[in-house]
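Below, each structure is written out as C-alpha cells.
Okay, so subunit A shows up in both of these, paired with subunit B first and subunit C after.
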Partner chain A sequence: MKKQILKHKLVPDHAILSKTEANKVVKQLNVHQEQLPKIKADDPVVKEIGAKSGDVLKITRKSHTAGKFVIYRLVL
Partner chain B sequence: MQGILKKISQINFGLLSPENIRKMSVTKIVTPDTYDEDGYPIEAGLMDPRLGVIDPGLRCRSCGSKGGDCQGHFGHINLARPVIHVGFADTIHKILRSTCSNCGRVLLTESEIAEYKEKIGTKHQNEESINDIVKEIYTVARRDKCPHCDEDKEEIKIDKPVSIVEGNYKLTSSEVRERLEKVNEDDYILMGINPDVAKPEWMVLTVLPVPPVTVRPSITLETGERSEDDLTHKLVDILRINQRLKENMEAGAPQLIVEDLWELLQYHVTTYFDNEASGVPPARHRSGRPLKTLAQRLKGKEGRFRSNLSGKRVNFSARTVISPDPNISINEVGVPEMIAKEVTVPVYVTDWNMEDMKEHIENGPEIHPGANYVIRPDERKIRVYDETKESILEKLEPGYVVERHLMDGDIVLFNRQPSLHRMSMMAHEVKVLPYKTFRLNLCVCPPYNADFDGDEMNMHVFQTEESRAEAKSLMRVQEHILSPRFGGPIIGGIHDHISGAYLLTREGSEFEEDYVYQMIKKSNLPFPEPKNKPWTGKEVFSLLLPDDLNMVYRAEICRKCDECLRQECKNDAYVVIEDGQLISGAIDEKAFGAFSGKILDSIVKDYGTDKAREFLDSATKLAISGIMKRGFTTSTADEEIPQEAKERIEELLNMAEKRVEQLIEAYHNDELEALPGRSLRETLEMKIMQVLGESRDKSGEIAESYFGMDNHAVIMALTGARGSMLNLTQIAACVGQQSVRGGRIERGYSKRTLPHFKEGELGAKASGFVHSSYKEGLDPLEFFFHAMGGREGLVDTAIRTAQSGYMQRRLVNALQDLSVQTDGTVRDNRGIIIQSKYGEDGVDPAKSDYGKVADIDRMIEEMRIKSKAK
Partner chain C sequence: MDIKKVTSVVKKKKADFPESLIHEITDASERHELKAKELELLVDEIKKEYERAGVENGEAVGTVAAQSVGEPGTQMTMRTFHYAGVAELNVTLGLPRLIEIVDARKKISTPTMTIYFEENYGTDEEFVRKIANQIGKIVFNDVLKDFNVNYADMSMTVEIDEEKVKEKRLEYDSIIAKIEKAFKKVVINKNLLSFEPTISESKHAIRELRLLADKVHDLQISGVKNIGKVVISKEDVEWVIHTEGSNLGAVLKMEGVDKTRTTTNDIHEIEKILGIEAARNSIIHEAQSTMEEQGLTVDVRHIMLVADMMTSDGTVKSIGRHGISGEKASVLARASFEETGKHLLRASIRGEIDYLTGIIENIIIGQPIPLGTGSVGVIMKARD
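What follows is the complex of A and B.
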C-alpha cells in the first residue's frame, strides 16, 4: 500500500519545468541556476513526480501573506 | 559562481611537530635571565632581540623591520625530558586505553576496523563530522586482550590532570611518548587523528615554542623598574627547572631527584598552558595573585574572543544616566556640556568656515564651543593649549582638520542595551544642556524600552560626512516612528500624554480663550483667528491635525457595546475627524499612543515623517498643558467604594465559596459528572476555577459600577495611559485566585498546602483564593499564597529573558547576511536566493497597514466621511 503523498493537503503542487521554461525563470530572476533554492533528489515528492538532478521545479504553495506563491527549486 | 568574494574551501587543524617548532624558531632559549645589568637583553635569553622588537625606532634582528611593523618571531626551548601537554592529556589517555602496548594496534578486530574505516570514508565523502564514530570506537575498543597479538591489556587510568597510570604503575612521560610512537599509522584515523597533520606522539612535548616578545611585552613602571608579563615569568620558571634537570641528569644524580625535578618541569609547563587546570594548584605571582597564562588569555568573558574579537571598545563615545525632558523634540538628545567638551567632530577647514574654526580654537578645550585638537595636512595631531593656540591660529589654512566640540544640531547615534531591534540605536540631534545626564523626549522611551530609574545610555559621534548623511536619512528618530514589527507606531504618547489628551478633548471640556492661546504658544502651533468665546477641547486639538485629514475609529475608551451608537456614543468613544476637525470622540491611546496611535499612524503614512514629528512634539505639549490646567493625581482614595458595594461583594464571594463547598461535597459523594476527556478530579478543579474566576470578575464589575470618569485612576485605566481595570478591581474588590503552574495551589505539606488546613482539603481558601482586596489587606495565609504566585512570576520572567535572548542570538547569527535586493528578492552574501519575493508579497511591514497591504474597510469609511464633509 503506497500513500498518495501528492494528494495530501499539506503537500503543495510540484511541477517539473522544461529546459526552456527553466532558462526563462533563471533569466527572469537574474540568477545562476545554482543560486536557486534547492530540493534534495531523495525528497519524497521529487521521487514521486520523477524529477532528476538538475531539473527545476515550480512549487505553488499557499502563503499567509500573498495567498498563493510560486517558488522555484533546483533538484540536487 | 558569480558574486562570491572569498570562499574558504578547508580549514585544517593539526599539531605542531618538534621539527616544525624548531623550524619556525629563530633562536634556542637557554638562559632564564632577561636583561643584564646595563638593561640590555641577554642573547639566548627570554628577551633575545631576535624574538622581535617593541620599542619604536629599533630594528628587528630577524626581519629588519621597525618596531611596530615586526610582528615578532618564535624561539624554542629544548626540554631535558618530555612532558605531557595538558590540553591533550585526555586524548592521550583515550588513545593509550584503546591501543595495544605491545603491537601498537587499535583494540578492534580486523572486521571491525574494516567496517569503521568504510563508515568514516563515507562521512568524509559527505563532508560530515566523524566525531560520533570516533566516540563509538573509543567505547568499543576497551578490551582485556589485544585481538591482534593476544597481549593482555592492563587498565589505563588518568589521574587528572596529566598522570597516566597503568595498573598501579605511573607511566613516565617518556614511556607515554614511546607508546604513542608505537601506535600503527593505519589506525590513526580510527582515533580521530588525521595522519597528514598530526602524530599522537606530538602531544608529548620535547620542544617548547617560546612566543615572541610582542605577545608578552614588559612594562616599565614610573620608578624605572621593569615588570615582566606573566608568560615571561612562567617561561623563566620552566627554563630554571629545565636547566637544573639537565645538570642533575648529566651529573648522574639519583633517580629520585631527577624524577622530582621532572615532575616540577611538568607542573610548570602545565600551568604555562592552563593555570586553572583541575587538580593543579595554580601558579602564583609574588603578590599571591594567580598568573594569567595562555588559556586564561583566551577563555571566558574577559578573554581574547569575547572581549577583543567579538567586541571592541570605541573612541568618540559617551555614557551616562538618562532623564526625561518634555521640552526637547523627539529628534533631539540633551548632551551634558561636560561630554560635549570631550567628544569631538572633525571639521575640514575651508575658506568659508575659517573664521568659525578660529573662534573654536580661540575658545580652546575648556570653553564650550571650542576645539581639542588640530590635525595638520601632514597628519600630525596637535593638542590645543593656551600656549599653542597662537601658533595654530597663525598656521591654520584650508586642508587642516579641527576636532571641535560637539554642538547643537550635530547628529549622534544614541543607544540603549540590550539592542534587540533596530530602534535600539537611533540618530538624534544634539542639544547641549547643563547638568550631567542625557536628556530624551518621553515619546522615545518605548523603542529604547527606557525608564528613568537609573538607566544609562550610550552615545556615539559620527566622524565622517558620509556616515552623518546616511544616519540622518536612515536612522533619525522620526524615520522610526513606525515599527517594522507590526506596521504601527512604536514612538508615541505615553502616560500623562494620554490622560492629558483625554482631559483636553473629552465631552464638556472648555477653555477660556487666553488659556487656549497660552497652550498654543507652548505647543509651537500657528496662532488661529480669535473666537471671542471659550474653546472646546476638541477645537483646540483640531489645530494639530492636517486640514485634509479624514478618519473614523473607535477609541480605547470604547466599551464594546452590543449595538454601537456611533457618533451618539455616550462614552464619546466614536472618533470622527472631518477635514482636520475633531467632530466627535475623545483622544486617548488609540489616537497617538505608542503601539496603537491611529491618528499618528495615518499622519506618518499620508503626510510624511516631518509632519509626524511636528504633530507628536506639539500634541504631547498640548496634552501636558491640558493636564496641567486641571491637575492630575491618584491615590488609594480613587479605589474607594461605598459600604453598600462592599457588602454586595462580600455576599457574592461568600456565595461563590459556598458553591465551591457544594461542588466538593458532590465530588466526595460521587455525584459529580466528569467532563469529556477529563477525570473527576480534573473536572472538579475546572469547575472550582470557573466559579472562583466568575466571582472575581463579578466582584470587579460591582466595584466598576461605582467608578466614574471623574476618577483619575479610572481615567488612566480606560484611556490606556497606565494600569488596567483589573488592577483597580483587585485593589478595590477582590484579588482572586493565586496560581502556581497554571492551576490552584496544591504544593507544600503532604496532602495540604499549609498546616492550618485538614489533609485533603480542597476548599477555596485552602488552595490560594484571596478573598480580600489589596486595600482591605490580605490575611497571613492569603499573603503567603500571594507570595507563591508572585515568586513564580518572577522566576518565569527571568527564565524567559534568558531563553529568548539565546534564541534571538541564534536567529540573528543565521539571518545577519540576508538582504532584500533591488529586484525584491531576498539573498544571502553569495547571491543565493532565500525568497524570490520578500515576505512572499513584497510588502515592507513598516509601511503596511498593521501588517496588511491595505485596510480596505478603513479606506472606504474615510472616503465616505470625506464625501459627506464636502
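What follows is the complex of A and C.
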C-alpha cells in the first residue's frame, strides 16, 4: 500500500524544494516562510516522499478552474 | 497551432495565464485557423479581459464566499436522505451533510465508501462478489440452516448451510477456525455444531444459554472492521462496491482494489490515510456534490476558499467556534461571534492586546475598516 497513496487521484503532486528554491519562492511571494500554509511532518504524503521539518513543499494541484495550480506548504 | 506556440505568444505578451486558459486559446485558434498575427491580437484582448476579471485588491473574498455558500444553503431541504444509487444504502445529504463537512465532524453520521477495481478485475463479477463478501460484515447467523436451543439438557445445536456458505464465497474451514477460536466448548461434527454454555455455580443457567445463543448468532465470520453492509452495482461496464461504514486504510490494502479511485466520504479518514491535500480535495468534492445533488450550483472558487481555510494549518479544522472563528487573533472579533463573556474574561485575565487590524474590531469601535478602499492609507513624502 505504501508508495501507492501518491498515485491516488485525490493526492496532488508533492515535491521538496531545495533551500535556494524555497528562499526564492518566499521572496517572490513576499512573505515569511512561517506565513505559508502548513503541512504536518506526520502527514502520510510527507512521510512517503521523505520530507523533513522545515522543508518547503511545492504542491501542484489539479484545479477545476485553472487547470494546474501551484501552492507551497511548510512542513511543520 | 499547438500549445507550445500559444504558450510562447502568451509568454511574449507577459500574460500570466493559467493552464486551462492556454488550452482554451489553443482550441479556439485551431478551430478558427488563426494566423500568427491574429493569435497575438487574441492574446492581447484576452489579457485585457483576464486582468479585468480578476479579484480586486482588498475585495472581501471570504465574506462573498460565505454568502455564496450560505444563500443556497437556506434553500436546501432541512432533512433529506437519499439512496446512493442503490436502494439499500442510506446516505446523509442536503443541509445536514453540508453542516457536517464545514464542522469537520470526527464521526460522520453515514460514512460510506465507493470501491473500484483494477482494470482486469472490474469486469469480473465473480471476483468482485468474492471481495464484497470479504469486505462486508457477515455474521454466523447468515450461513445457518438450523438453530436449536435445548433447554432440557442445556445445549445448543447448529447446522451450517453449505449452500449459503458457497453463495457467500466463504471457506468452510476458515469459518470453523473462527468458531473454534471464539468458543471453547464446541463439538464439531461436519455441518452439525453443538455448543455448551460455560455454567458457573450461578443459578442463571438459562440466561447463560440464551446469551451464548446470541453470541453464536452475532459472531462475525467475515468482513473488514467498521464496515457493515455492502452493495454491488454495475456502473457502465465495471462493477463497483458501495459500503455502509468506512475503512479506507484496510480496503486499499486489498488485492485487486483500485488504489487510485477508491474513496470514502469521511474527510478525517482521508486526511489520515492520504494526507491534508487529499482532504482538501475531498472537502471540495463533497461540498460541491452535496450542493449539486440538491440542484444548487455554487462557484467552485468559493468552496475552494473554504477548503483552503480549513486545511491551511496542516489539519482539517472546522469553521466556527472550535475552528477558524475561534482562533482569530482579535479578542473583539472572537467575542462578537460566540461565547462573548468567555472570550472577554479570558482576554482580561491574560492581558491580551487587540491591535485592531481586522474588520470586526474596527466596526465595533467605529473606525473605517481595512477592506476595499479602506485598506490603503496615505503616506506623505517628507519634504527635504
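The rule is simple: the second predicted complex is superposed on the first by the 73 of 76 C-alpha atoms of A that agree within 3 Å, B and C clash if a C-alpha of one lies under 4 Å from a C-alpha of the other, contacts with A are read in each partner's own complex, and residues count from 1 in each chain.
Note that contacts are C-beta pairs under 8 Å (C-beta built on N, C-alpha and C of every residue); 3 or more make two chains touch, one makes a residue touch a chain.
No experiment lies behind these values; they were computed from the predicted model shown.
Using the touch definition from the top, say if A:32 reaches subunit B (first), subunit C (second), both or neither.
first
A:4 contacts which: subunit B (first), subunit C (second), both, neither?
second
Would you check which partner chain A:15 touches, where first means subunit B only, second means subunit C only, and both and neither mean what they say?
A:15 contacts neither subunit B nor subunit C.
Would you sort A:44 into first (subunit B), second (subunit C), both or neither based on which partner it touches?
In the superposed model, A:44 contacts subunit C only, not subunit B.
Considering only the touch criterion stated at the top, classify A:76 as touching first (subunit B), second (subunit C), both, or neither.
So A:76 only meets subunit C here.
Comparing subunit B against subunit C, which has contacts with more of the residues in subunit A?
If we count touched residues of subunit A for both partners, the winner is C.
Based on the superposed arrangement, let me know which partner A:66 touches: subunit B (first), subunit C (second), both, or neither?
both
Residue overlap on subunit A between the subunit B contact set and the subunit C contact set?
Residues 37, 63-66, 69 of subunit A touch both subunit B and subunit C.
Within their complex, state which residues of subunit B touch subunit A.
Going through subunit B, the ones touching subunit A are 1-2, 823, 825, 827, 830-834, 836-837, 839-841, 843.
Within their complex, state which residues of subunit A touch subunit C.
1, 4-5, 7-12, 14, 37-40, 43-46, 59, 61, 63-69, 73, 76
Applying the document's contact rule, which stretches of subunit C touch subunit A when the two form their complex?
18-23, 249, 252-253, 259-261, 263, 270, 272-278, 281-282, 284, 300-301, 304, 308, 311-315
Which residues, counting only subunit A, touch subunit B once they are in their complex?
29-32, 34-37, 63-66, 69-72
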